[in-house]
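Here subunit A shows up in two complexes: once beside subunit B, once beside subunit C.
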Partner chain A sequence: MTTTLRQIWLIARRSIIRTFRQPGVFIPPLTFPLMLMAVNSNGLRAATHLPGFPTHSFLAFFLPFSFMQGALFASGIAGTDFARDIDTGFLNRLALTPVRDSALLLGQIGGALGIGAVQAVLYLTVGLVAGVHIDTGVPGAILILVLALLIAVGFGTLGLWIALRTGSGEGVQSQFPLLFFVLFISSMNLPRNLIEVGWFRDLATINPTSYLIEALRSLVIEGWNGEALGLGFGFTFALIAGSMWLASRQLKVRMART
Partner chain B sequence: MGAVDRFSYMSASRNSGRNNGIEVEGLVRKFKEIRAVDGIDLLIEPGEIYGFLGPNGAGKSTTVHMLTTLLPPTSGRATVAGFDIIREGPKVRASIGAALQETALDPFLSGREHLRLQSSLHGIRGETRKQLIGTLLARVGLTAAGDRKIRTYSGGMKRRLDLALALIHDPQILFLDEPTTGLDPQSRTALWEEVGRLAHDEGVTVFLTTQYLEEADVLADRVGIINHGKIVAEGTPAQLKAEIGKATVEVVPEQPDDRERLASLLSRFGAETAARPGACAVQLDGHGQLPDVIRALDEQNVRAAEINLHQPTLDDVFLAKTGHKLEGADDDA
Partner chain C sequence: MRSRIDVALALAYRQTTVLLKNPSLFLPPMLFPLMNFLAFAGGLSRLRHVQGFDFQGGYTAFTFVFVLLQSAAFGGVFAGFGIARDFERGFAKRLLVSAPQRSGIILGYALASLMRWAMIAIVLTVVALASGMQIGGSGVDLFGLYALAIIFNQVGLLWACGVAMRFQSVQAGPLMQTPVFLLLFLAPVYVPLDLLQGWIHSVARFNPLTFLLEAGRGFIEGRPTQVAAAFAVSAILLAVFAVWAKTGLARAERAG
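Up next, the complex of A and B:
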């Protein structure tokens, strides 16, 4: 194993251990999206009767939103934990070792990735047990898990950037509602072509998170849709690249070691 | 020794492979318009314990952060273990251990897990790492608590673990930023003993910042006093106390009405100095000692309720050099 990979693994392991030793941190992100999924799939079931609605199961339609919600929670966890490291001086402790900046960032999102993996498997399992049929079969289910993890990495890195910008857990928490707002003005509850309010449809169209949801959704209810997957993976990689660039720049400011 | 000469000396020592000193010349760190560290010069010899004294906000921690490469200086230069802090950051970090002011520990990891992470990041592996961790835990008295989560540790245990973490890669120079703040006397003494042992038995250079004058007095070979970002005094504790001069005699008169007469009498023995309310004090200037003061009181029939002879301390040095006591000095900083 190269030095950088080993360093990433060491930081990631610590991040995963500390996350899973805080039940108050990792249980709500697991349960809250499931509760919302249960409530919405029943409460909004009538939406499936709309002409043009792509499926008869609102649960199947809504399932991908749980992955997005989980990714946002993962972002909050990664950001808050990193902010705590900055606040307590743990980042300085790491900065005094030969750890590389890249290893520090990639390792720190290990916790988010760990919880993202547990979430993705749980949501998918619950969906399958509740009767959701994955149109793309086992390969599609695997791709759903891969995309869900990549989205968790993207939002997790965004959380690290916010932590590095603000340097406090409170700062990270204050940004959290904004991320949720962005998620809620997407196509999470209705396909974009069925949104009748013009300004909302426009916002959902320019909102990249719509495409992340639609890529996941396409694998569940549409079968193989190259365009949806291309846009979904494209925006996910763009999110990862952008947030990684922002976080790397901010890390150099925050960790100004010579 | 001039600055250039001093740096030549450091280079020579480094080439001989024995340099674990610290050289600082004109080091400045500005935060916007505030000069937190304002052109300090230091020369710390290998194996020395250097006490860096000052109130909160004086520039101690900023200096430590610069010397440990965590903060680039605005100007000036410094070498640590023979390596330039600006151009050779990674080499400096490989040579130093640091226990910084914040006890930067993860409450959800155990002591042993901290040591494992830190040692692994320094490239120590396998059986060597396992033995090293066991040795360090034993050395700081945490063998039994090694597998407990940090959130169950007391303040003293955290400080001891912090020291063990700083020592994990066998550094030549140790930076301890207020290592005993908040510790009970017993833990403080234990930490002093360990730091003293490191310096005197293992030749580790120790740069110690503290707000506790007693700590500097007991532990440090030499002391530097920093105030408002500038070094205002430097020397061995004995030298600094000798600079201040003689002892102080403080007398509390039995009758408060005698205070003025007492002050006049004491002024024959030295200059008046700060005293407790109701008391008079003078710093003895060599025109008499305590017995002479007592004789004079007797002759003038001034009855004393209390007489104290006060030898100079670093507190007096601090007062003389900065114009205020260390406690509460941060109000002015």
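Up next, the complex of A and C:
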């Protein structure tokens, strides 16, 4: 057990250091969601005049989307870095050592987790400075950070699976629009009950991403909503478990190939 | 003159062939506008019920004009990535040595950008029509809309071309994209200008893209508005960024 933990730590430390040594890698995921938050929270402010809109502040409504967007960037970072390890032969050399598969996967998402933590704190701080009031107070803010980190881990692991499947950074990047599409077809811009177009509302309802956003959003604008939190955490754990299962299966296939 | 056109046509042919042979280069610029169109037209259509939303052509058409212009601009920017890649791989330097008329190089990249965007525009228009977009404008109005988009595509390309020729690296990608992204989203994207509030209203009023958007929406609605202003702004942008690209080419020539 101690050996596995040490292996996870060594790989995670490498992953974190590598991520933060590349400003071109970690700056866009920090700034781009903030830029979009500034623009959209003003551009879409008129939506708060719709009957039934749950808050008067579109910034408060939109803030959770930044965490989701940050998690998607984390997925890209984890996937691209892992793909580079595959491409440069690092994974093959690692396969000759006694490192465990689980340690390898858990360690590799260290970079995504590191950037996810910085993102979550930054977005929340910017939101609070811009006047967002968190309905659930300090405990809610802490829970937002926890859920945002878990979501980053879930998407980061998904990125590892894609890297293992495609084996190239370009392959990981080409999947990015697909992940963004999943995020866009959700309740990110309007609550589901206010979405007018039937097919879009149906897709948003069956899209688990909607529930992740709604869990984060409930903590900001609704107060303690057990159902939203249950669904949000449930889908997040399902995402982590499913992605981890897929990634470990794919890792075995790739190791067998080498 | 003849050799300039020869260079331009040969380069445009080469760029288009490279693009069609690499789905990873072709698909993302195609998918992003479609994704945005579906997300905006499907997810935000309730906004047309906000008091003061005076666009008569339906929310799908309202969104379509923005996404069409966005795809045009990013079509140009993505073509700029190709120029940067050509410099990184040494192709552009060989081109500078071998081209009898170097200004044909910019023309060639511009033609390739136009062809790349034309494919995206066709798919986007078909999807919009299939999803029930109403068109109130006549054929002449639509010609005006697509003419604005073509000019905007060339503006995007000339901007990205100038950056690519100065930096000669794909790492300058964010510099090509970010200003275009900001220009696009600091315009009345989701609701008409009058419904924007606060600082974004002040910024959008002076954003050149606002003129293009309002004119484009007027064309599709069949109530042309701000046409002269939109074409004048487009012509100024085109002239300014043509100089930017030309000086970029001169700098690349000097760099050798």
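FYI, the second predicted complex is superposed on the first by the 255 of 258 C-alpha atoms of A that agree within 3 Å, B and C clash if a C-alpha of one lies under 4 Å from a C-alpha of the other, contacts with A are read in each partner's own complex, and residues count from 1 in each chain.
Rule of thumb we're sticking to: a contact is a pair of C-beta atoms (placed from the backbone, for glycine too) under 8 Å apart; a residue touches a chain by one contact, two chains touch by 3 or more.
Just so you know, these numbers come straight off a predicted model, no measurement behind them.
Counted by residues of subunit A touched, the larger count belongs to C, out of subunit B and subunit C.
Of the two partner chains placed around the shared chain by superposition, subunit C is the only one that A:R45 touches, whereas subunit B remains out of contact. Touch criterion met: A:A256 reaches subunit B, while subunit C stays clear of it.
Once the two complexes are laid over each other on the shared chain, residue contacts for A:E227 go to neither subunit B nor subunit C. In the superposition on chain A, contact of A:L94 is made with subunit B only, not with subunit C. Once the two complexes are overlaid on the shared chain, A:D202 sits clear of subunit B and of subunit C alike.
Residue overlap on subunit A between its contacts with subunit B in one complex and with subunit C in the other: absent.
Residues 68-72, 85-87, 89-90, 92-94, 96, 98, 100-106, 108-109, 113, 117-118, 120-123, 149, 165 of subunit B are the ones touching subunit A in the complex. Chain contact summary for the complex, subunit C toward subunit A: residues 24, 27-28, 31-32, 35-36, 38-39, 41-47, 49-53, 171, 174, 181-182, 185-186, 188-191, 195-200. Within the complex formed with subunit C, the subunit A residues making contact are 24, 28, 35-36, 39-40, 42-47, 49-50, 170, 173-174, 176-178, 180-181, 184-185, 188-190, 194-197, 199-200, 204. Subunit A makes touch with subunit B in their complex at residues 3, 6-7, 10, 14, 17-18, 21-22, 85, 88-99, 255-258.
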